[in-house]
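If you scroll down you'll find the structure; I have some questions about it.
Which chain is which? They are A, B, C and D, in the order written, and residues in each are numbered from 1.
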Amino acid sequence: MALKTKNEYIESLRSLNPTVYMFGKRVKDVVENPRIRAGIEATGATYELAEHPEHRNLFVTLSPLIHEPINRFNHPPRSIEDLVARVKINRTLARMVGTCHQRCTGMDCMCALSIVTFNVDQKYGTKYHDRVMEFIRYMQKNDLTGNAGVTDVKGDRSLSPKEQPDKDAYLHVVEKRDDGIIVRGAKAHQTGSLSSHELIILPTRALRKSEEEFAVAFAIPSDAKGIIHVVGRSSLDTRELEGYDCGNVNYSKYAPTVIFDNVFVPWDRVFMLGEVEFAVDLVSRFSAFHRQSHGGCKAGKLDCMVGAALNMIDFNGTQNANHLKEKIIDILYRSETLYGCSLAASYEGKQEPSGTYFINPVLANASKIHEGKEMAEAARLMIDVAGGFVADLPSDRDFDNPEIGPLIKKYLKGAAGVPSEHRIKMFRLVEKLAMESADTISDIHGGGSPAAHRMTILRESDLEARKKAARRLAGIPEDKP
Amino acid sequence: MALKTKNEYIESLRSLNPTVYMFGKRVKDVVENPRIRAGIEATGATYELAEHPEHRNLFVTLSPLIHEPINRFNHPPRSIEDLVARVKINRTLARMVGTCHQRCTGMDCMCALSIVTFNVDQKYGTKYHDRVMEFIRYMQKNDLTGNAGVTDVKGDRSLSPKEQPDKDAYLHVVEKRDDGIIVRGAKAHQTGSLSSHELIILPTRALRKSEEEFAVAFAIPSDAKGIIHVVGRSSLDTRELEGYDCGNVNYSKYAPTVIFDNVFVPWDRVFMLGEVEFAVDLVSRFSAFHRQSHGGCKAGKLDCMVGAALNMIDFNGTQNANHLKEKIIDILYRSETLYGCSLAASYEGKQEPSGTYFINPVLANASKIHEGKEMAEAARLMIDVAGGFVADLPSDRDFDNPEIGPLIKKYLKGAAGVPSEHRIKMFRLVEKLAMESADTISDIHGGGSPAAHRMTILRESDLEARKKAARRLAGIPEDKP
Amino acid sequence: MALKTKNEYIESLRSLNPTVYMFGKRVKDVVENPRIRAGIEATGATYELAEHPEHRNLFVTLSPLIHEPINRFNHPPRSIEDLVARVKINRTLARMVGTCHQRCTGMDCMCALSIVTFNVDQKYGTKYHDRVMEFIRYMQKNDLTGNAGVTDVKGDRSLSPKEQPDKDAYLHVVEKRDDGIIVRGAKAHQTGSLSSHELIILPTRALRKSEEEFAVAFAIPSDAKGIIHVVGRSSLDTRELEGYDCGNVNYSKYAPTVIFDNVFVPWDRVFMLGEVEFAVDLVSRFSAFHRQSHGGCKAGKLDCMVGAALNMIDFNGTQNANHLKEKIIDILYRSETLYGCSLAASYEGKQEPSGTYFINPVLANASKIHEGKEMAEAARLMIDVAGGFVADLPSDRDFDNPEIGPLIKKYLKGAAGVPSEHRIKMFRLVEKLAMESADTISDIHGGGSPAAHRMTILRESDLEARKKAARRLAGIPEDKP
Amino acid sequence: MALKTKNEYIESLRSLNPTVYMFGKRVKDVVENPRIRAGIEATGATYELAEHPEHRNLFVTLSPLIHEPINRFNHPPRSIEDLVARVKINRTLARMVGTCHQRCTGMDCMCALSIVTFNVDQKYGTKYHDRVMEFIRYMQKNDLTGNAGVTDVKGDRSLSPKEQPDKDAYLHVVEKRDDGIIVRGAKAHQTGSLSSHELIILPTRALRKSEEEFAVAFAIPSDAKGIIHVVGRSSLDTRELEGYDCGNVNYSKYAPTVIFDNVFVPWDRVFMLGEVEFAVDLVSRFSAFHRQSHGGCKAGKLDCMVGAALNMIDFNGTQNANHLKEKIIDILYRSETLYGCSLAASYEGKQEPSGTYFINPVLANASKIHEGKEMAEAARLMIDVAGGFVADLPSDRDFDNPEIGPLIKKYLKGAAGVPSEHRIKMFRLVEKLAMESADTISDIHGGGSPAAHRMTILRESDLEARKKAARRLAGIPEDKP
């Protein structure tokens, strides 16, 4: 019974009781809050496609841990095929939900932990790896959703964690007890934290000796005592809340700030504690996996953007404008280069000592730099194709108003045979795809800042080999200036 | 008494009684509606700066028509200096309001009409030019704000106006009477229509013989009978309505669809009627003027974006990150190339037969193509500099909540000495500058579609001279292949 | 004895006697002509690496046709692994020779022919496939190099082949005889035609009924009677000819126009004749393969460009300039996205009915569009890093001059410990990598024009699926507007 | 008699006797050396247009110094009109010669000196300004061409001038005598040094106390004793030397390294000596002027590139390919934004204490950053439009060869009615415009490195004002964080 249906997933969330604030008010029933629900629906698609005849084979695999069929989102890759499947399920999902489905971050944490804890244990004789694998078994058996908690709020960026006036700027251990540890801090941009059963916490950066208290990794239920989810603002957030003008009629994204206000974590959920030199490995593995996830996901979102732009051409009657066709191609090729680079990062992956496969980090980071630069251009092109109503389309409520509704429908009529309502909805979708901040800004900052991706690619590339190649061509000794 | 104070301007709007819908409901008092008011405040800045000791000289000039000091927004340029001032007042204003101030479109219509009606009269012996100048005198004397009504809703784009199944897709004359005409249709993207006293309507495209009914230009009070303003949605529209999380605390933009449901226009306000061959001249003059306005305005918005990014660096404590400095430069140089090109379009302007000066259309259109491509890149860079909270910052209401407010302020503390509140407000401003749709999408579609600007630059450039220059260099006869 | 050493390869070229002109003069001994030799050396590297202990495993495979080890350049892929190896050998080679090695085009023709002739035979009962496989066996057994002849000179582009005033603008059959056919026409941009033993000719475009004479594919020795190679000009061509200031000391590229002046082709070398509807399939398969080859090759060239830029930083003493590091990253990530997309095109390949594997054409074309846009940017960045001497460095002969040589060396001294000679040679390499036309312009036009790649990606993408996805998200019926 | 004809100019160069090396050999008669002559012809165009009825008014002005008509190239601007004329003469010239005309650098030095020496004199009571103005009078009276010597060879870039192991890496004073000074060093990239009568030398960078010996500015005849011009290599340099396949049939560019091997400069030609704090002012004024010159010049070159591309469309018969039209527009708008920004830098100039007008440095530097990024893109687009023969077109000598000439002409025939010769020559011109290194690389490095332009724009922009504007919008105090 490893696999949950989408409905079972949603019901399972009802049994949680997280502490949630939105716009200054407590939210009691997250499943019924329409904004959070739109996010839950997106995560729900990961369950739905695992049941879907066409997609089940892609989404479900047999677990070597529990020997049952499981959803790949709880499956650390054991082969190249597994790595490739990561990208493909993300593209399929993003094409289906048109936004972030929010379940990849937990997977990416489990993948990173399954690699790094093995290495930590090798060095220190600790038992982290067993704990992690046990946790993953639990996730698999119950088909749960995990959420990554990586990005600390960071306080003053010019200071290291321990130099901060308020050390809570980086989540850290404040007490070690017999039964577990107490942690305090806050993690920002926690996409889908309320669509998740478990939060999986990693350090956010490289750490040095004497910063042991910050070198902590663990998992904790999303409704554990002391955890407060503050669902912040995104650009179109009131649309779901008010139930109209949503653009994407079923799905959306939200990303709370999650505060850990003296939260207890039992020892069997602690996956790292004080091994500072492994912090950078953990966060960079996570980031590399997550950048690869993005490659699939954003390619799928670009598919929706291409689709929206093509429909707008049909609905506006602009099929004969050649320059619009060129713009479609300009979006298309960006989606494929992104997808291709991310796939290649999978195909060129390697097995780590723990048995988990790791993607090629240079290719994964290259795809993310590409994403950060090209998604904005793709959105610009889609807006250009669609037209100015992306900015100021009358509301559904105007269309429903008996006095002006008919007038507006009349004036928003486009190509013959296309109902005004359809054209209007497509404009609304374009608005959502281009102007929704929670999803759009992850193109730039998701999986760490662009600067981090850039440093990674520089560090991971074999620069000496390139220098030698050039020296050889120039006819000078390869090994010295 | 030609000049109104900002307060007098706002009071003058109270005396109007336009028909307005927003989100399906009638809006009775536009001045008190916080969303529309944020737009009115932005237009109000055009009055405020005309009183401001530092800026008065730039904003106020002596009218050759009424021989009194007037606001330049009602002044068709009579010199190169006047053309240049157009760009500079727009940059100054945009830097002050951080968004569209909404008063340039009316000015751009008056400029275009003052040129083209003269030429129409020359050909046909009509009296349009006198009417236009009389209208401008009226605008000057009362320091009124005009609004451009150019963009028709256009229906099926593959069809010409008269081929449309519903001819109302292009605003047209449905009846000529002794005292005036009756018009029907709708104009989209009417930025600031409710911040304006008068709507000034032009055709939206080139017209051909037998399309006389669409070749109509006129002015009409914004609250005339039959005019319905439908204020559509923009991405952050509920922020002003709810009065928190506004980012730009005072100013915003809105752009209604304005329906003309059998509106009567008296003859003295009719500025063109049936002279189809001049329609393209009118719209392309307007567009060229408006593209030049954009050059100043968007440079000023980029100033705010640079400022916001610089503050974020201070507030985050990232002054030592060299790559952020490079990104600041990347925004800066874009603002200056845009501004420079727009200024050059002014300095290289020429006097038209009517006496009004016209800008250099190639340079004006080049600046707009540049804008359409580079503003999105600038926004991306600003987001990159600022960080991920642009996407999901907790709400002001969370900060005000006694339970979680202190926690959130604690966790949003950045650099030493910077109050969390300031950092939060600056993130909010970045969100507004990057993700507000009404203003952002005008970077692409404002003043007509990018494709239109591109065709204009191709048409207005002397391609033959360039071909000859190349032939001469290549050593082949200049005058034949 | 299937594999030739590099020396045997070069010797084998001496036994050919092609008709060659360069700069208006007959070239008798192509192997000893230093310009052509630099190209031959580059192709020679494909033989050299097949002997190289580190690379042999990558370059050599067992032929299922002749059951001997062969060079992969004569091996139509029989597996995904084979497709992947195509990209990797190209990157390895380009990193070694820093330019085009010229042997991939023949391979790409053989690959395309091995797929399409099978399909032609299926339809028409012809025997082309056997002939092609026999030809490939011959190439494998003798480890020969093939060269693609695809791009016709095309005459007036506004006319189809048969509408041309001079039908020879497209290579075509002028006579069918008992023993074979006579063809006439010319193929442009025949990279490495004189480094090759055999020319493999395909149609250049889609053909229609009544254009049967142009639907011709065949192979012919590069020195067959009637074939004239005219080695044109490239930007640095005299450097090799004069033997100094070469930049790349060993390797270069040349690309003759090859005229077929009534050339006889025996029937066993005719691979298509008149099956017009397959012409487009043949050329688009070839192009897709070739675009994928480019992905590996240009990534390898970018490796050399990164290496040259890094050396220039060392040699100039500019290690502390952070912005230069950013520029290195900007080249690096471009090389990896290109490589990644090309690899993905391989990994996502599929087997065709003939047994040959075909790459994913969408990904292959996406990589080529990316290449066309980004290689120029990479060159710009490399020049920026290197400095102005790329434009006007004194000549080797100046350095050798006893009067001014010492002075120039003194003034070209850079960082401490770096001999001036090395810095000078590295500047020269940068010049070669950035300003050599034959190689650089293939970034744009290689494998067909950018417009062709763009149309291919549009045609091969499933646009309907994307439209449906968007409709579903927008909440409108998936199957109608 | 202030103005020379072009012939008089060329004759005047014959009377000079500079020490020149090219490719390791002494060049005795520079005027008859075809490569240098092509550069001299380009400079000659500055004389030719001053006689040309259509252009004389633009090029000639009345000198306030000698009260005679002079060529603007010896005229430090005394008004905004003069600043604007600088840009326009450069665009006109570049459109005429299709490359660098080489006379602007001397003008830019005279402009900078006329400003800065005045300020030095104010501080130190020196007499530099009088000497400079006397020198300018001399230049004007004899209508001479001056050449800027700014860029030192710089040695190890990580070291300051005085830290260099060999101080000659920066030109400096090695002896002060009663009658003058002795200088030693070398200046790189001395575009047109042999087309000039006088070399005008400025320091290349900011200098500090104890670096007095490097703070030297002066003028010296280009054939003075001890001056050695080493004409280096550019990518197409042998074309002019061999007299065929030139592309640009009359004009070209060369840029020697000029060595100052203990050169004597009399006191009346010394314009700065030891006033270290003014070095940065001198070089940055020069650079700003020169960046503005580029704006005009490169816009004119882009005109030729547009023209060449348009002709290629005609000659290939590709008028119906819409995407080519889009590419033309993409070049066009780049030329106009560059021109516009450069014009604006002029129109927004200001008078300096010395009376000379200085351009707006922010706008001038913005135009150069834009140039550095967009020229490469324009070249790419032109190549895309033209087609692959840019890389490998047969030589003129092939066309002249009786055996293959007719065949090649046959196969290079394009659109009906266009002689093959014309199409061939236009391809050759495209090659020259895109692949000639001396001119192309100045797009990036001309007037100082891109990094220098970027730092200038950052330093010269009022960042505090922008920060305040953003603070005000965000609703936080303007004057503190």
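Rule of thumb we're sticking to: contacts are C-beta pairs under 8 Å (C-beta built on N, C-alpha and C of every residue); 3 or more make two chains touch, one makes a residue touch a chain.
Because the structure is predicted, anything quoted here is derived from the model rather than measured.
Chain pair with the larger contact count among A-C and A-D is A-C, by C-beta pairs in contact.
Ranking all chains by how far their C-alpha centres lie from the centre of chain D, first place goes to A. Between chain A and chain B, the centres computed from C-alpha atoms are 37 Å apart. The centroid of the Cα atoms in chain A and the matching centroid in chain C are 39 Å apart. Chain A and chain D have centres, each the mean of its CA atoms, that are 51 Å apart. The multi-chain contact residues of chain C, meaning those touching 2 or more other chains, are 323, 326, 415, 454. Contact residues of chain D toward chain B in the complex are 84, 95-98, 247-251, 303-304, 306-308, 310-311, 314-315, 325-326, 328-329, 332-333, 336-337, 339-345, 347-348, 362-363, 365-367, 369-370, 415, 417-419, 421-422, 425-426, 428-429, 454, 457-458, 461, 463, 465-476, 481. For chain C in complex with chain B, the residues that touch the partner chain are 322-323, 326. Put simply, chain D touches chain C in their complex at residues 21-25, 151, 153, 155-159, 165-166, 168-169, 186, 188-189, 228, 230, 232-236, 238, 242, 245, 254-257, 259, 261, 316-321, 323, 372-373, 376-377, 379-380, 383-384, 387-401, 403-404, 407-408, 410-416, 431, 434-438, 440-442, 444-445, 449-451, 454.
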